[in-house]
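Each chain carries a letter (A, B, C, D and E) given by its place in the written order, and its residues are counted from 1.
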């Protein structure tokens, strides 16, 4: 089914730092609607898998998503890139207890490292790549575990595991939540590629252009709606980028290889 | 009473007259209607019936019971506790699946009937259970209306609130026959033992049965109610020509209301006699036994 | 039988002798043991008992029943269906909470007893329910052993597999008294009506009761078993000095085994007389009523 | 009816008859449980000794953060609405499925096995797959969420309905059979009246469960309180999470209350 | 006992007595359900029409990927072991809790309310929080997972046990009371024998549920088949996911079979 002329269906999946958007998307939606003239149906989706399937079965027109998700989208549906969203301080890191025995990445050999969420760019792929870049082979030199961030931090405080992979924003939150404990970073990855807005291949060229222009011209206004809450001011400062190239994401593709998943690399050569 | 067969009455139509309205106020005494031609003279024939609970190895409860009951007869089945009376009665409409032998009821071979045929046959047979077997969370009236399941269909007969007015009134008439109209709205688990037994009887009446099978129908009734119920059965036999098969531990009832006595002992028929000239003490021996269980 | 009070026997010890072993083979006839001094002459006193199911507004089922029963007496409670016999019996050990009035049993004020006291009192009273109330998924033997709950504790009396050998044997003796030993291992839901009633009686015997309250204890029994059970009760009265309160719809039983007849009608005592010179027809009027329900 | 004496009149065996197979299976199961306990390595010392950490956790949760009360309640109401619809639909499908899956009432044993399997299948296939299926079928949003809840409810209710019907007392059913009632008649007149309290308990539990575990709604972009809770946890806002949990708890208690009240009327 | 005639001997009302409150509540509830249906916006056209998409999904799942069969089965066995331990513990705690929470058997109505609340609390607090609690208490690993399963089981079993006990027939209980049996005696002799089939069904369902929804184990770093499945889904290995689901399905069917077999023995 082609999308109706008046309505665009817009999903947001697991964009790191956009959690707030998932719960209070009202202002953002209204703004987008006002700027484009379309009715906007908005779906915060918890599952990458569901979003991909929705896009490929044409129930969804646009998805705003993270780099890892983009690679998957790209490999499974013929999606078009609308704009990229560049955010400052978007990188992965390996966090350990400051007063613990781990002082360098080398100390992590044979230890347990936890990643927050399977396949997430900044919690799984990014940190694993950071370690790989410093010579630790995934699942060989250390024992990776997928444990939710809340639990992982408690476990690290107890000493049950030695390091947690997360992004910069997460660490700030955690430092605030655990004022009695000191955390330190032993490894830091490259800045991660941009989050990205993609359109299903069924979206008309007219609608595609309209949305693209709106995001480029009014990116700041839209962003302002996202971060209306006082707590989220720190996400300010993002830019919407018009020129995104697929090869920018080869770094992410290599991350998949790092953790032993090769199936999304098929598009690298395209 | 086998001599009184001449006075048996039959409804004119194959069906049984509406029990509601004035018609149900039966006037005792001979009625001139005739037995319909299609009614067989033998309404129940049991042939070498064997029943086991459980498989081959388990002991037989009925060990080869044979029995022929004529149309309009009243048969009292006697026997000590555990002799197999209830088991025999439950085999007749195939509520229990006999291990061997055959049963025919109202001219149909019960063993060979398929689902629908069996249902149709069963709906013509009233059954009063020793344990009453009421749906305890429903009202007395609903329970009685259940008797109409065979003819009215599942939805109309499943609850008094859904039943058509005729059924509700007919059910009230049936309750009236056991003097229980004022408890029609009561939940069936809030009855005394005797009241619950009477509901079970009213439910069987609601079926407008051609055969009434009653397992100790008056065991919980007070003496005068017991007699009224037995009289009611007798009247139904006279007026509607139904056949009555009942068990009882009251020899007096058995002799007064049965045309014939069939005595079971440990799963075998040990006596099968007209009641005409029997006295109570002639039957005492049925209960003498050390292997009663 | 109120005249026969002189021949009542008492166990020598406050407890009741072990029912197992040879001792339980009671020899009928006068026994020379004496009533213990602490046994009150009045074992049961009911005073203006009112009972309603439901709250204030609902109709009273018992409308002010008063009754005094002497030690060792056998009282037959009569009444038509729904008169309130079962309700009255269930009020005695406070299985139902009376709305007004008082009950005292074995010298204790039932209404003012707390949990533990009530339990202790109840364990001295055998109760045979009209509906038997067996635990149907357990074996007959386990059901009988339940009778020992009052003295043996929850775990030892809850299942035959856990009970000490003495209890198991005592239970077999109780089953023997109702001729049911060969069904001891049978599940209680696979019994005939009369067998299940006898299990209920055996369970009450297992309590070694001082008072036996029996609600139509022989309604499902065949005539000879019924007499044996009533004889058993009579013997227990003679030999262990128990008091018997029973209901029955058999006037013959009531007159033969009761010292006294108490008749209820619609929740009121309408007759309270020694049976000495009563005949059956003297009692027929109890059942004459249009407002039986 | 004379009392036989002595201990030798055949007291039944304490254990009844046990077949070798049953014995072997029982021993095997017991051994497996023991091995598993060992494998898991629970110990009391372990369990006691988390005191200070727990105290910190609790102190992070209290006092609950009431600042987002209104959006949380709105989200809870929406979730509850979807739960109601999904559960109602699920129960509606469960009733006939349960009949088909019940040992006593299925028209044929093979049918019964088939339907048991189908119901188990509904349960076993995880929410995420159902979410995919419904997203593909009806797109993102409440409709897909409701259908996912419906499937969950069927997998749960149909099984428990079937089991309740198997446990129903045979007496009334036998009576209805004797009267020539058909399958439906027996169900409506003898089975359902008996199992209705159990149906109410199961049904309202399903409703409550759907509300509580509304994470599935998040999977299909239908929002719901589950997402709110997840976000609160992701931000380590334990005080907000606590408030959300308390709101859900109150709703759960209300549903329990309704269940108790309805059951008291029919029990 | 003469038959009174005519239609005028007081046929009871069709609907019985309905209090205004009950009526208002019923209408209110019905209205809420309708509004909710409307809100959710289900429609038949929507539901039909996902055909091609679903076909694609299914084609991606079949044939199941058998290459990782052994690790998956090992993981399933481990999960099942933890599930067994957690469920056994949970059931053990549920038995006394259920007594306390049952309307008929609680020593005091206030106690009953308290315990009902406690059980509902166990259910309402999400797995993630329990995971935190147990990781703080006993550290990462199977022990914490087992405890989390135990809590889940209590929240489920204790409630259904309590409800089954409330539904048990009063007769045997009255008989035991009359014999002077205490609370425990009544429970063991009259209540438990009646509800045992229902306990078996509930308990084995809990076991199966714990195995199926073993994601909680992943939360506490205890691994489990749940994580395997999640990873497979997250990496779009639908064929692997399908294989995992089939393995779980077979286990579920086996547990169902065991449940049916045990119940047949006591029913």
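The rule is short, and it goes like this: contacts are C-beta pairs under 8 Å (C-beta built on N, C-alpha and C of every residue); 3 or more make two chains touch, one makes a residue touch a chain.
Note that this is a predicted model, so its numbers are computed, not measured.
> Expressed in steps between touching chains, what is the minimal separation of subunit C and subunit E?
Minimum step count, subunit C to subunit E: 1.
> Counting C-beta pairs in contact, which comes out ahead: B-D or B-E?
If we tally the contacting C-beta pairs, B-D comes out ahead.
> What is the distance, in whole Å, between the centres of subunit A and subunit D, each centre taken as the mean of its C-alpha atoms?
About 35 Å separates the centre of subunit A from that of subunit D.
> In whole angstrom, how far does the Cα centroid of subunit A sit from the Cα centroid of subunit B?
78
> Using the average of all C-alpha atoms in each chain as its centre, how far is it in Å between subunit D and subunit E?
Those two chain centres are 3 Å apart.
> Which parts of subunit E, given as residue numbers and ranges, touch two or more other chains?
Expected reply: 50, 53, 57, 128, 132, 136, 139, 141, 230, 233.
> Which positions in subunit C touch two or more other chains at once?
Subunit C, residues with two or more chain partners: 131, 179, 182, 225.
> At least two partner chains per residue is the criterion; list those residues in subunit A.
49, 53, 57, 148, 150, 154, 158
> All pairs of touching chains?
Here the touching pairs of chains are A-D, A-E, B-C, B-D, B-E, C-D, C-E, D-E.
> Going by the contact rule set out above, which residues of subunit C touch subunit D in the complex?
Residues 20-22, 24-26, 139, 141, 160-161, 165, 168-169, 172-173, 176-179, 181-182, 184-185, 225, 228-229, 232.
> Which residues of subunit C touch subunit B in their complex?
Answer in residue numbers: 53, 79-82, 85-87, 130-131, 179-180, 182-183, 190-195, 198, 216, 219-226, 249, 251, 284, 287-288, 292-293.
> Would you mind writing out the residues of subunit A in touch with subunit D in their complex?
The touching residues are 9, 11, 19-20, 22-24, 41, 43-47, 49-51, 53-54, 57, 59-60, 148-150, 154, 157-158, 173-174, 176-177, 180.
> Could you pull out which subunit D residues touch subunit E in their complex?
32-33, 35-37, 39-43, 46-47, 49-50, 53-54, 57, 78, 81-82, 84-85, 88, 103, 116-117, 120-121, 123-126, 128-129, 132-134, 136-139, 141-143, 145-147, 159-160, 163-164, 166-167, 197-198, 201, 205, 208, 212, 229, 233, 241, 245, 248-249, 252-253, 256, 260, 263-264, 267
> For the complex, which residues does subunit C have touching subunit E?
90, 93, 95, 119-125, 127, 129, 131-138, 142, 146-147, 149-150, 153-155, 157-159, 200, 203, 207
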